[in-house]
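Below, each structure is written out as structure tokens.
Okay, so subunit A shows up in both of these, paired with subunit B first and subunit C after.
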Partner chain A sequence: MSEPLLEIEDLVVGYRQGRKGVVQAVDGVSLAVAAGAMVALVGESGCGKTTTAQAAMRMAPIASGRIRYRGADITALGSRALRPIRRELQLIFQDPYESLDPRFRVRDTVLEPLQIHGIADDREGRMRRALERAGLTPPELYLDRYPHELSGGQRQRVSIAAALALEPTMLLADEPVSMLDVSVRAGILGLLDDLRRDGLGVLMITHDLSTAARYADRICVMYLGRIVEEGPTAEVIGDPRHPYTQALLSVVPRPDPDDAGEPRILRGETPNPADVPTGCRFHPRCPVAQDRCRTDDPVLAPAGAAGHRAACPYA
Partner chain B sequence: MSPQELAEAIIPATADTRRRPPVWRFLKGHPQAAIGAAILIVFALIAILGPWIAPYGPREQVGPIFGTPSNPHPLGLDDAGIDILSLLIHGARITLIVGFTGALVAVLVGGTIGIISGYFGGRLDNLLMRVTDYFLVLPDLVLLIVVASIWGRSLRNIIIIIGLVYWTFMARLIRSQVKVVRERAYVKRAQALGASHLRIILRHVLPQVLPLILAQTVLMVALAIFLETAISFLGLGDPNAPSWGRMIENGFDRSAISYGAWWAIVPPGLAVAIVIMAFNMLGTAAEDALNPRLKVSHLLRRHFRMRPLPDKDAAR
Partner chain C sequence: MSALAVEDLHVWFDLPGGRELHAVQGIDLALEPGERLGLVGESGCGKTTAILAMMGLLPPSASVAGRVLLAGGDILAGGDRTMRPHRWTDIAMVFQGAMNAFDPVRTVGDQIAEPLERAGLAAGRAARTRTAELLELVGISGERQDRYPHEFSGGMRQRAAIAMALACEPKVLLADEPTTALDVMVQAQILELLVRLTDELGLAMVLVTHDLPLVSQACTHAAVMYAGRIAETGTTRELHHAPLHPYTRMLFEATPDLRGTDAVRSIPGAPPRLDEPTVGCPFQPRCDRAFGPCATTRPPRRTTEPGHLTHCHLEGGA
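For the complex of A and B:
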């Protein structure tokens, strides 16, 4: 793997809650994305996936840890110094119904990043190329449309085109298809895959393990602010080590009726992130939990093949 | 087929409603707004053309004291023998100018503070809102009596007082709306792109709250005219500007009532009432149409949102 584009190291993001406590939305997450790679960050709602991405964009308060871009530490950069980085790192939002200004035509939405970064030469050309690259061809068809005249998939493509207008090197896609109709999901995911093949680094956040399995090179499974298992996609899917990953995989529908397997439904709810369980944070819901899990907090340790790590002593 | 034709063929333009001016559509859909607007246009014309259409000057004695309404003076004469109709026409200009500029001051001050407070939030918001609260609890009448007696009686001071009294409403309203808009994903997206605060406010936030500001401005003018009339009636108005409020005050002061000269008081009173009513009719209709709190705007995403299919729960 080449030099990573984006590195997140031991990231901790805490939000103050009332007077008493701090909620650790993200508690010690490390991951790296290289150019031409797609890393999927998988987990259920509220586990800190989105916060991780926002912290990487320097849009969430970072309590500790480092964000590095092309090896340069951007954790503490001021907004002026951050501008050139923002050109390279683009965020794609979950909800294409919300992330486009309803008063902006497609043209204005895609031109806006160019205006913000003061790129004056060949704006029109850049805008058209971005739209074409996002699969909105011919661009003339869409330039003067308002968001409410477009379908969900088209909107998400506009959103991606706006991200591509600055010719970034890295995309952070926050659940790019979860608000979309199933029928158009594959198109958007295929588009992200193409962009990755063109050499962009993609960090995809999703709660859908099958999406991650289909498109990502690496999968990081998050639970309650921590990465509990990570590794190459084939490894994590083919040989899941952490009981949480195993449970997630057991409920993914399989095309073969004979290979249905026993779905493992986890007991209980995700604990309140303000009141994290002692020991292993997964132990109250874990099917294989032992006494030591109540007291020992496991760290990511190599499990299975090379590059595969899991935070469970029984992995 | 050119790409443009192709576009028209594939996505039929929904533009038929867009090409007609939205103001026209609005008036057509809200008859009360149309009536209010018509009344206001008449009064605005009277105010603009006042000096040319008034039969007599505002200080010109043309008959006996409290002369009754009759042929050359349909609304009678006041205590100095001045034609009431002429006074009314000259007063329209002053009353409307004070109303508009007073409302404008309130909207500019209140809108700016509301946007800053709502957009930046945090401590600044807290500070600005405490200042707003302070002005909000000051009794209007006491404030204006004190200010008018300290600064003196002039139109400019009345305008400042109106601004001082009403900017708080505007600030609170705009702040709450800006707080909603600020959380929209497209504002977050602009932030992620590195857009400056000024740019986000001007390009994304302001256009979203502008309709609300416009509707409120219209209502604010009605309030400003009302306050101007009240100030003048209390004898704190500009002695050199014969506004409608001054006419009423003058009538009272010179015992028009004991003379039985109702025509010195009723016409300016009616004029104030009609103008305020017209502004209110226009303003409330505009607010209905434009305030997202009162009516679910067609721009809200709920209107378009498709339900995600339940398969996304599969991985849970």
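For the complex of A and C:
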């Protein structure tokens, strides 16, 4: 594997919430994404996956930890110094119905980031190449269309083209297909996969384990602000070690009605980051919790094959 | 006798300029008591419109034709006059986003009791007792009926919405995307609940969703809708293992499987406009098995096993 493009090290992100103090949305997350790799960050709502990506873009308040881009520390860079880095790290949003300006033609949507970043040379060529790369070919067919004249899949391709216009090295995709119809999802995910094969690094945030299993080469499972398990996709899916990952995988609906195993449905609610349990933060819902889990806070430790880690003493 | 049978159901919407949108183009469904049927398809295929028509809840701009039979009696024939006595008491619905539709300034219990009082089934203390029973039925302590919606989590509000739909003991439950926007673990809890309720109460359920694996997991039967028509209906096993319509097969091929190794393929193109008449098979432009008659002739209804139906020119499966 090549040198990491993006490294997140022991990241802590806290938000002040009323008089209750600080809510730690992300509490000690480390991960790295190399060129040509796709890393999936999976977990339930409120687990901190989106906040992690936002902090990597320096769009969330970092309490502690380090963000490195190509080895350089960008944790404390001012907005002027961040500009060239933001050009290389592009964000793709969940909802192409909301992220595109309805008054902008496709041409203007893809040109806008070039204008913002003051790129003057060959704007037209960059714009066309980005559209082609995003699978909108020939570009002439799309240039003068408005978002309402496009399908959901085409809109998401336009927002990807806008990101690609800046020729980034890394994409952060936050639930890039969850608003799209099933019939077009594979096309968008295939496009991200192609870009990754072209050498881009991709950090994909998703709640859908089937998508992560199919497209990512590494999976990080988050629970209440922490990564509780991570490893190569085949390991995490085929040999999950953390009881939370095991439960999550057991409830993923399978297309073949005969494939349904015994779901291990966790009781209770999606946990609340404002109320983190003591010890292992998963222990109140854990089917195998022991006494020590109430007090000992486990850290990620090797489990199973090389590169596979889980934060559970029984993993 | 079927708990619910739908025969040749059509829905048209009036559009400005005297045009019409033919949203539902003649669908047939039949459910036995305790049966769970997944109604699946892409956005705009008419699945929500179809179940709203079964409840008689479409806006005045819609015209409806066909038959909706509850235990053999047609409730659609006399319009609201024949629909009203059955709505909520015999056929009930959990609306899409129901969990976010509670009135924030009234207690959850108050809102569950409302259909009971309106139907004259219970009032006052009896309504409170029944509301507590209903909450317990969906796995919420009855004591929580005096709480307000904001004191419930999303999953609990969805349970409460299901309790509300069941208030008048219907025999048929229509659930529109009941787990969309819920986390996977809460989704599993809600599906488990719906399966248990249909088993215990002998409810027939239509589960409307765009998510095929959800149907494979929670339903016994499925109907795949495309462009206002049923492409294929059968048991979930038949649809997965021996699809008769290429759309069914291509939908499965577009769905990533957690442990699958097959390539995931999107379906090229987009569904047709429904405000213009379709010639031939509506899926023909996107179909990987289209041939001669598909572009010109409406596909015939074809059956292999009893209950396994398709509208497709292909003989011998997709």
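As a working rule, the second predicted complex is superposed on the first by the 308 of 315 C-alpha atoms of A that agree within 3 Å, B and C clash if a C-alpha of one lies under 4 Å from a C-alpha of the other, contacts with A are read in each partner's own complex, and residues count from 1 in each chain.
Definition applied: a residue touches a chain if its C-beta (ideal position, glycine included) is under 8 Å from a C-beta of that chain, and two chains touch if they have at least 3 such contacts.
What you are looking at is a predicted structure, and each value in this text was computed from that prediction instead of being measured.
Participant: With the two complexes superposed on chain A, say which partner A:I116 touches: subunit B (first), subunit C (second), both, or neither.
Facilitator: First partner only.
Participant: For A:R83, using the defined touch cut-off, is the partner it touches subunit B, subunit C, both, or neither? Pick first, second, both or neither.
Facilitator: Only subunit B is touched by A:R83; subunit C is not.
Participant: Scan A:E124 for contacts with subunit B and subunit C and give back first, second, both or neither.
Facilitator: Touch partners of A:E124: none, neither subunit B nor subunit C.
Participant: Who does A:E140 touch here: subunit B (first), subunit C (second), both, or neither?
Facilitator: In the superposition, A:E140 contacts subunit B only.
Participant: Using the touch definition from the top, say if A:R254 reaches subunit B (first), subunit C (second), both or neither.
Facilitator: In the superposition, A:R254 touches subunit C alone.
Participant: Can A:D95 be said to touch subunit B (first), subunit C (second), both, or neither?
Facilitator: first
Participant: Could you say whether A:I237 touches subunit B, subunit C, both of them, or neither, answering first, second, both or neither?
Facilitator: second
Participant: Could you tell me if A:T270 is touching subunit B, subunit C, both of them or neither one (first, second, both, neither)?
Facilitator: Touch status of A:T270: second partner only.
Participant: Which subunit A residues lie in the overlap of the subunit B contact set and the subunit C contact set?
Facilitator: 44, 152, 181-182, 207, 209-210, 248, 251-253.
Participant: Name, in rising order, each residue of subunit A that touches subunit C in their complex.
Facilitator: Touching subunit C: residues 44-45, 151-153, 181-187, 189-190, 207, 209-211, 213-215, 237-238, 247-249, 251-260, 263, 265-267, 269-270 of subunit A.
Participant: Which bits of subunit C are touching subunit A when the two form their complex?
Facilitator: Going through subunit C, the ones touching subunit A are 42-43, 153-156, 183-189, 192, 210-214, 216-218, 236-237, 240-241, 250-252, 254-260, 264-267, 270.
Participant: In their complex, what parts of subunit A are in touch with subunit B?
Facilitator: Within the complex, subunit A touches subunit B at residues 42, 44, 57, 59, 79, 82-83, 86-87, 90-91, 93-95, 97-104, 112-113, 116-117, 138, 140-142, 145, 148-149, 152, 159, 162, 166, 178-182, 207-210, 248, 251-253.
Participant: Which bits of subunit B are touching subunit A when the two form their complex?
Facilitator: Spelled out, the residues of subunit B in touch with subunit A are 3-4, 6-7, 10-11, 14, 184-186, 188-196, 199, 203-204, 207-208, 298-299, 301, 304-306, 308-309, 311-312, 314-316.
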